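Letters are used for the chains, namely A, B, C and D, taken in the order the chains are written, and counting of residues starts over at 1 for each.
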Amino acid sequence: MPHTTTMATMLELTDVDTYYGASHILQGLSLKVGAGEAVALLGRNGAGKTTTMRSVLGLTPPKRGSILMDGTEIARAKTHRIARQGVAFVASGRRVFGGLTVAQNLELAARTLGKRAAADGRTLEDVLTVFPKLRELADRRAGFLSGGEQQMLKLARALLGNPRLLLLDEPTEGLSPAVVSDLGRWLDRLREQGLSILLTEQNALFALAHVDRGYVMLKGRITHEASAEELRSSEEVRAALGVG
Amino acid sequence: MNTFVTETVSILTNAAMLFVVAAGLTLVFGALRLINMAHGSLFMVGALTVASLASGLTGGWGFAVALIAAVGLCAALGAGIEISILRRLHDREPLAQLLATFALVLVAADLAQRVWGTSDRTVATPVAGRFSVGGAVVPEYDLIVIGIAAAVALGLWLLLARTATGWRVRAAVEDPETLSVGGTNLALLRTSVFALGAGLAGLAGAAIAPLESVGPGLDTQIIVAAFIVTVVGGLGSVVGAALGAVVIATVEGLGTLWVPSYASSAGYLVMILVLAVRPWGLFGTPDR
Amino acid sequence: MTVLEEKIPPATARPAPRPAARLLPLLAGAAALALLAAAPYLVTVSAILSLEQVAAFAVFAVAANLLIGQAGLVSFGQGVFFGLGAYTVTLGWEHAGLSFWEGFALAPVLGAAAAALIGLVALRARTLYFALITLAFSQLFYQLVEQNTGFTGGANGVFAPVVPAWMESPVEGYLTLLGIAVAALLALWWLYRSDFGLLLRASRENRARVQALGTNVYRLHLLAFTVSGAFCSLAGAMFVVYNQGSNAELFDWTTSGQAVLMSVIGGMYTFAGPVVGAFVYQFGHDWLVRYVSDWQLVLGGVLLLVVILRPDGLAGALRRPGRLRLSGRLELPSRLRGRK
Amino acid sequence: MARFNAQRWTGLAAALLMCGSAAACANAAAGTGGSGGAGGGSGSGGTVTIGESTTLSGAIASLGQTGLQGVQLAAADINAKGGLLGKQIKVVSADDAATPATGVSNVRTMLDADHAVAIFGPVASSVASAEEQITNAQQIPIFLHTSNDIGLTTTTYSKYVFQDVPNTVMEPRAAADYLATQLHGKSVTIATFAPNYSFGQDTVAGFIQALKAENVHYTLVKQEFPPLGATDISSYLAAIESAQPDYVFNAQFGGDLVAFTKQAESYGLFAKTKVIAMYDYSVLQSLGSAAPTGAIGFDRAPYWTDDNSTMSAFVDEFRAKYGDAPSEWAILGYAAVQQWAWGVEHAKSFSGDAVSAALSGASPATILGSPQIRACDHQTELPEYVGTVSAQAASSSDPTHLWDTPAFEAQFDQIDYSCAQMTALQK
């Protein structure tokens, strides 16, 4: 297991303040994701986990603070520029383009960002090898897929952009136990391939089983930071997260 | 038979014209969630451009050149409007955007009067002939108008169904945020779609110019008709715009035959009836 | 009213205003009223004429804004009721021999009845579809009035000495309209401040929530549409005093659009906004039309600036900062509406 | 707090801009438009003000714009000859956007703020009838030189109203008379086509009535009423075309008539059918070489049919000033100002009562000769002109097709109601 102290930093948030209108959501938030590291962002509903991701993506730009992506400041960049820096996002919920077919969803992703790294990056073929099910569903309208299939499609779409950092927002939400364990396997495989990952989860036990390190958030601030094992065993954290 | 053919061709021509105007409006609504009141102004600019070029460029090719110039000018104007004004209002409620485009209608009316004056102009019909089918007269230019509409319909279908840009436009209707997260430059996409819509308005104006007196007032004449068609078909749906155009043209055409004095109200009645039954139009989607 | 008490954070819900803070708007209102009543003796005749129109349009805009700004229902069809009010007076005089005041009293009743019927259909549509179905009603009425020449006078309208002679002079006409406008605006003010008004604002912010808490939003909106129709119709009847008659264009969507413009220019999230809007728009319009050949260019340009620079309208600028924050939760979130 | 203040300032700036721009432009307009109006517009100094509120924007702006040119030129000519009762005439004008309420607002301002002593007419009849209410109440003469609804001199008539154009009864009657002279008792099929509002309906009804009065043997095969300003009229045209009438009487004017002609041409309607419509100078000029040769046109004051020297001098002057021949709207506007000026000189007063009394029953000299102003309804006894659109362009440099000469001149007493009929309509 690599240690944060020695490895290069992929993503670094420093003293980030983000507002929704007048509400102060992120209050001086700082966190780091190392290159090739998987990090979990834990906390209850409303703690600001999704806002953290939206801040990184430029969807809800921070008012103050710095966000470095592989050394480049992205706190004030446009969302599509951030995506082109190699940040991919798998949102929670049914965020596929329901009116397009599965094939069109995938091709759109491949043609938008895939070209950038086409030489050595993942091709549509590679992704379909990982998710063979999607090949069968190619001509189906994405809106008609099941929750698990949609999750698969969202993940495949994100990977087609050849990201260096993958943001996953509540990936297990609404999935059946079988699909959740599939998801775990895919995550482990992506870690092995050296992808940096930041994921938010309500299901702390799932998250901590597939990451190196974790942060606990409360009311827009980080309250704890530790390795996955420590967090798993900490009574205090378990209580804070409401985990049995 | 005679009446039937004449009536059918005229309904088709009317529908074709309405479709070309409405297609741009509905496309813009789909991708930008914006009702562009200035669509009629761009339509007028298209017609006026052809009218001022037409005297220098004669014949069928001359007209084609003027038509392309009109489309180009309107698309450029559209891009300018989107970048300088509408982009700033994108995150605001739809009413703000609606009023901004309404303000543009006022501005455009006076500017057009400044540039082109108040007198009515005419454009020589590039194809003045006519032929007869089953004893009924069909103007050749009607076929050109129908042809232009068919080309626009085919072009839009190819764009939306077959190209990545088209998929982006459709995806932008559903979930612009996810699209930008995937690396699409939304601002550029919006500008392009608005310019395309404006170009289509210009095309419609240019196509109608040989059949009309071209002068002030064309803008407001067309915009309400375009709204009816777009809303009946469902905002944002190109297929809906086509169907809406046919429905409205048919109702007006048959109304002309059967109840002439109420034909002009028929369009509004149809719109009210459609929305009473399907509050989001025939092919629209309920607002999220 | 549990809905709203939940919505407004307790800290900002109803802070007991300092006595001075409560008195100030009252004093300002009284001063403005005194100024308006004295206006005929202070300003030129042409300004009085504009003021006469403002009196009718202020009622029209505030009534329309009950839907636009308060309930979030952007109607482009309030001209239907404005026109109906005007025609009730003139056609009542012409066909039924009603006096001006009889027609005037009948106008809001007919307006309410028509609004209830139209609302039943129109309110099935939402957001922009609602805007456009109301626009269709506006145009439909316009066409019908213009075509039924025998009954309505067609495009020529009904211009006849229906207004009592003593009201024909600008000063008397204006003072009468001012009195009626103040009474109507007080009634509307009471509605805004009532639970009904609060519920309307709540339904604008979160329709599903209000519905879930047991209010039938469709019925709520139908009631608002009816009330708005009644007051718009009253405003139309007032307009006859200025216009000395009625004409088909009063039904047109451009008339409906005027109410929307006034609300937005003045500020649609406040009660006074549309009144300010009516002032600024009418005076601006009258001056521009009379003295500027490119008046549409200037009007459009200014409108564009207001829309871009002043999302809350001019009334936002005239409001004291404290008040803005006080009602922040309830009145500002439209800005946040874009967020997911 | 700082942010709020910023918003506050932009808001106030916008408000100030609105008022400021209006005021600035107003001052500018007053400064430039008041040509020598140093004495103020009140009529007490060296100037006297007349007002022209008409349609200067939108679809019928061309009628209003040229009408205004006629009025301004007439005032300038009178001023050049020393003015009226020693005063220079100042013309204030405003756009009514074809909306009665705006027309009312304009006229009330012209009367109350500018102290205008006479009002000259709008394009739309609805605006005219609204303005009559105001001028009647304030006892100011109004000269209607464009809108011509018969109702303006009947139901809303007062002694302050002057109708300076052939009215809606006269115009179709003249066309019917001309048709009768062409037919020599032959029976024909006729269709009508008119915008769907009072002007169109009245004109068509008047035409049919006139055909009956002239004992024309006709069969009415089709009547169409498209909406005013309809963009696409092909289905209405198709209906007309399929009825194959010998004649189509069309009550459209201006841009609508131009569009009708273009679309009718594409159906080949002119090959089998003669169209009778207001093919006046403006419409023929817009159509240029696309003019429908052989169609029957009517015009209220075609400059080319009048060969008296006063008219030709006026045409030359108008061309020199505006670079174009005068439309009927310009000619009638000019003549209306001449009438008013004549009335002022004979009454030796600007008062509405005096001018009205002087003009009633008088025959002032204008560029249109000296037609009488009928005492019972203040209708100027103008003829209406009807002609056949020529196959020849006016000249090698001007592609406009005018009419074959000589044109048919329908005399006033042949085409208008009698005074007894008018008085009955006035109630």
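A few remarks follow.
Simple rule for what comes next: a residue touches a chain if its C-beta (ideal position, glycine included) is under 8 Å from a C-beta of that chain, and two chains touch if they have at least 3 such contacts.
Please read all numbers here as calculations on a predicted model, not as lab measurements.
Steps from chain A to chain D, minimised over paths through touching chains, total 2.
Farthest chain from chain B (centres taken as the mean of C-alpha atoms): A. Located most centrally within the structure is B, per distance between chain CA means and the overall CA mean. For the pair chain A and chain B, the distance between C-alpha centroids works out to 43 Å.
One simple way to say how far apart two chains are is to compare their mean CA positions; for chain C and chain D this gives 36 Å.
A straight line joining the Cα centres of chain B and chain D is 34 Å long.
Chain A and chain C have Cα centroids lying 49 Å from one another. Listed for chain B are residues 109-110, 113, 177, 261, 264, each touching two or more other chains. Looking at chain C, residues 143, 147, 295-296, 335 sit in touch with two or more other chains.
Along chain A, no residue makes contact with two or more other chains. Across the interface of their complex, chain C is touched by residues 1, 4-5, 7-15, 17-19, 21-23, 25-26, 29-30, 56-57, 92, 94-97, 99-102, 104-106, 108-109, 112-113, 124-126, 129-130, 132-134, 137, 149, 151, 156, 196-199, 201, 227-228 of chain D.
Of all residues in chain B, only 2-3, 6-7, 9-11, 13-14, 17-18, 109-110, 113, 118-122, 124-125, 128, 130, 136-137, 139-142, 208, 210-213, 215-218, 220-222, 225, 249, 252-253, 256-257, 260-261, 263-264 touch chain D in the complex they form.
By the touch criterion given at the top, residues 56-62, 65, 196, 223-227, 229-232, 234-239, 241-242, 254-259, 262-263, 265-268, 282-283, 285-290 of chain D touch chain B in their complex.
Across the complex, chain A is touched by residues 164, 167-168, 170-171, 173-175, 177-187 of chain B. Residues 35, 85, 88-89, 91-96, 98-100, 102-111, 113-114, 177, 224, 227-228, 231, 235, 261-262, 264-265, 268-269, 271-272, 275-276, 279-281, 284, 286-287 of chain B are the ones touching chain C in the complex.
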